[in-house]
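These are the structures, in structure tokens.
Shared chain: chain A. Partners: chain B in the first complex, chain C in the second.
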Partner chain A sequence: MTVCPHCAAELESPAGCPHCKVPLEVPEDASLFDLLGLEHRFAVDVKDLRKRVLKVSRDIHPDFFGTSAPGVRELAEKNSARVNKAFEILSDDAERADWIVRDLGGPDEQEERAMPREFLMEVLDWNEILEEARSRTEALDPRLEPLASELSERRGQAIASIGALLTPMPPRGSPNLVRVRQELNSIRYVDRALAEIEALRLARASVR
Partner chain B sequence: MAYSNKVIDHYNNPRNVGSLDKAKATVGTGVVGAPECGDVMKLQIEVEGDRIVDAKFKTFGCGSAIASSSLATEWIKGKTLDEAMQIKNTQIVEELSLPPVKIHCSVLAEDAIKSAVMDYKAKQGAGAPLAETKKS
Partner chain C sequence: MAYIELNVLNNSASQLALGIDLGTTNSLAAVWRDGRPTVLRPEGKSALIPSVIHFPRDGAPIVGREARDHAVVDPKHTVFSIKRFMGRGLKDVAQELASLPYSATETERGLIQLEIHGKKYTPEELSALILMKVHDVACKALGGLETTNVVITVPAYFDDTQRQATRDAARLAGLDVLRIINEPTAASLAYGLDQRDKGNVVVFDLGGGTFDVTVLSIEDSVFRVLSTAGDTHLGGDDFDQKLASLARADVAAKHGPGIVDDPGFQQAVRMAAEHTKIALTTDPDADFHVHVPELRLNWRRRVTRAEFDALTRDLVERAMDACRRALSDAKLDPKTIDEVVLVGGSSRIPAVRARVAEFFGKTPHTELNPEEVVALGAAVQAHILIGGKRDMLLMDVTPLSLGLETMGGAVSKIIQRNSTIPCEATEGFTTYADNQTGIDFHIVQGERELAVDCRSLGRFKLTGIPPMPAGMARVSVKFHINADGVLTVGAREQSTGATARVEIQPMHGLTDAEVETMLLKSYEHAQEDFDARRVADLRTEIGIMVHATEKNMNAARAGLDKESVLDLEDAMAAAKAAAKAADVKQLQKARDEFERATMPLAALLMNNVASKALRGKSLGEV
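Up next is the complex of A and B:
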């Protein structure tokens, strides 16, 4: 745990001190986990995460530094932006996994892009259903809801498998990182189909 | 970002949209995807001797991905398998004036051709139609 350079209090987040009520310089290479005083691991308690973000934001929100010296104000803005970004990434399972894979030097979606043929054939099937559903003008295609449930379940399985591959945190260059990237790629296809289903639902709801 | 006239033409009037019977021994089916955007492309060829006599595609993706695959089917019809394998994504980029952010669409089309030819060759090599993996 880091301590405040001004009052030596122990800090939950190195971004600001709750006693001195000031933003603090955070090393550029501090990780997202470091920034919120968390251990590096895949499992994250989003409630706890939100609490940490709100807590540190009370000390460093730029609104409190409107009349402070420009340096302090800028640091408050910079730290707040970093903390918010960290929350955005760490609170989302897929984004957190993506960040971890990159951080550990694993492949990005350009380097590891091939998907099994059977999987892509299934993606084609989903898209065929979605295409037909879009051309229907009366009722919502009855195949959409079962497809949505199937896709949500698949997403859940992919996230569970990612959790297993990243627990304990694998070393840099581990083959597990390649497998996580493949799972993340599959989530991309699933999410795109889910987003289209949601768009169809909304379009239908607005007609009613 | 503005699409070129050729992309718009292929998008509005895609050539060779559809499916061939993938159970047939003379049909090769290629399927490829782009994880960046979730685009997926199916390209099928029907072969007589070593010549591609028919080609069909089905692409779920952006205008550039549709145009790239439409153009690819146009180009490979009548070509030999070897000639089709020579088609480079850069030729598609040039023909359609694709901007840099859409180059991956042309890569997808090149990969789809190769995947279809390889599937056809695998079927021929196996001496019989491959067992179908599609579940539906």
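Up next is the complex of A and C:
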């Protein structure tokens, strides 16, 4: 655990000191987990993560440094932006897995893009339903809600298998990272379809 | 003359900051005082200052209630709803401009200018006039305490250009903007909802010209905005327009179509419609009366609330669509919302209240005046920003996605909408031709897929890339949106470490040079305005002095010798003549000379008063 350079108090997050109520310099290469004082592992308690972010934000948010020296104000801006980014990524299972794969030198979505043939056939089936649902202007297509449940379930399974592949954290260059990337690619297809369903729900919910 | 003691340390102006709600229809200010936010109002009057400016043929522009009274009589020289034009180009607001009685042009960079009395004004300059008035009223209500520190609110859905325009308006008004904050977020601060342990709050803000809905989560005294959505062209004005179209159709049928294009008629209909709408808030039916003596038009009709609700149902549903979008972005259900806060004068419309209550399944908060709640919240934030309060925090989001135009004219999103600010994102780019030393970027804001459908924030050219084969250069571009919601961009070529120069040319905005010029211009006018007021004040003062001298001279004539009486009479005649001057220095001189000439009379009067007061008292008591 790092300590505050001013008061030597132990810090939950190196981004700021809750006693001195100031932002602190964090090395550029500190990981997202380091930034929030978390262990490097896939499993994250989102509620605990949120509490940490709110707590450190109350020490370092630029709003509290409006009348401080420019250097302090800039550090508050920079650290808050980094903390917000870390929360955005770490609080989402898929984004967190994506970050871990990159961090461990695994393939990005361009380098590993092959998808199993049967999966792509399924995608074609969803797209057909979505295509027809789009052309129905009056009510919501009755097949959409069952499809949404099926897709959500699939997503849950993909996240579970990612969790298994990343626990314990694999070494750099592990073949597990390639398999995680493949699961993440399938999640991208699922998420795109789910977003489309949500857009259709919104459009049809309007009583205008 | 008594000396009034001022404790400079305790009343230090730097400890004060105003929260200003710069509204489409009305504007007002509030301040943090005695442990809570308070609206600043002129004694015994409403705090709301109509956002209306009247330009008399001669003299300084008039802002506020008095200006609004000119709208019907002199519509061509009375400007309202300026907020709708902030940071916009002609084609964005073609619909609004069609119903305006003055002409509008565009500068080279797409900035709107309204022409009044042959002079051109940008929306920024016009908003600055309103801000000056609000600031003036606020400082008077503060008992003469001066502060130029302000927090100004904008609709959550304002894009970067509109925010920048608001900031420029404040600069032109001589104010220091601590922060531009979102209206609905401000409203949630005003309600003191941080007292609750944890919960989800929806702020429904239906103002004069815009609609915003914001979903917040409150936890550990931190207000975290989860999502925001809205409609920049939905507000009370649109409800008025629905009623107005009722009158227009009927009047055109009865009196011919020519009359409905008359500016005087248009203004009268607009105001009558507003009047009827307000009456329908409390009454089941109301009179809709359009009277334009100049056109010999006297039209009236009863309107029932049911009729009004039917006319405006579509507008209410547009607001509900935005609520659904905001909830969807926040991944929440209406059932999970713990509190709903109503903001904006138009949230008083019974059908709006009923629909909101039905949609969220709970009675919304209406305890605070919906027209004051935004300014109150801005005052809370202003107090936090000057270091007066650290027990709560507001974490806001950027309302629109930020992206770059790609080769095919599509948009590549760099920062997603509803990202918590401050936020940053880094993107990698490379060259597509051998020895290419520069890359052009076009920054856009919005949710549409094509760059042409989004709002253009500016273009920048990245230069200084070392010559390399195509695809070899590794350029990383960093975008940072700070707590003010203002974007900065930095770029770096990674293989050589060369930093690239980035220049952003703002679209639809004022350049710094333009702001400077306008500021200089306003200082010139400020001197003129100041002189004009001083002339008026001195004339009044001389008038009062002459009048008092006449009265006192008659009362004290017995104690004055003949020569003194003649001297005084000469001095009075001279002062009356001198008061006709229009020059500050001449008037000042006349006033001073008159004061000297009346000295003997003043001394005599003082003696009389003193001897009266001392009469009957022994020396010991004095």
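Quick note on the criterion: the second predicted complex is superposed on the first by the 206 of 208 C-alpha atoms of A that agree within 3 Å, B and C clash if a C-alpha of one lies under 4 Å from a C-alpha of the other, contacts with A are read in each partner's own complex, and residues count from 1 in each chain.
Heads up, the rule we're going with is that a residue touches a chain if its C-beta (ideal position, glycine included) is under 8 Å from a C-beta of that chain, and two chains touch if they have at least 3 such contacts.
Everything quoted here is computed from the prediction, not taken from an experiment.
Participant: Considering only the touch criterion stated at the top, classify A:Tyr189 as touching first (chain B), second (chain C), both, or neither.
Facilitator: first
Participant: What's your read, chain B or chain C touching more residues of chain A?
Facilitator: Per-residue touch count on chain A favours C.
Participant: After superposition on the shared chain, which partner residues are touched by A:Thr167: those of chain B (first), chain C (second), both, or neither?
Facilitator: neither
Participant: Which partner chains sit in contact with A:Glu122 here, chain B, chain C, both or neither? Use first/second/both/neither.
Facilitator: first
Participant: Quick check on the superposed pair: does A:Glu109 touch chain B, chain C, both, or neither? Answer first, second, both or neither.
Facilitator: first
Participant: In the overlay, answer first, second, both or neither for which of chain B and chain C A:Ser152 touches.
Facilitator: After superposing on A, A:Ser152 lies clear of both chain B and chain C.
Participant: Pick out the shared contact residues on chain A: the ones touching chain B in one complex and chain C in the other.
Facilitator: After superposing on chain A, no chain A residue contacts both chain B and chain C.
Participant: With touch defined as at the start, can you tell me which chain B residues reach chain A in the complex?
Facilitator: Counting only chain B, the residues touching chain A are 31-38, 40, 42, 58, 60, 133-136.
Participant: Once bound in the complex, which stretches of chain C touch chain A?
Facilitator: Interface residues on chain C, with respect to chain A: 178-179, 219-222, 224, 314, 317-318, 320-321, 324-325, 328, 381, 384-387, 390, 393-395, 419-425, 480, 482-483.
Participant: Hey, which residues of chain A end up touching chain C in the complex?
Facilitator: The contact residues of chain A facing chain C are 21, 50-51, 54-55, 57-58, 61-64, 66-67, 77-78, 80-82, 84-85, 87-88, 198, 201-202, 205-208.
Participant: For chain A, which residues count as touching chain B in their complex?
Facilitator: Answer in residue numbers: 109-110, 113, 115, 117-118, 120-125, 127, 130-131, 184-185, 188-189, 191-193.
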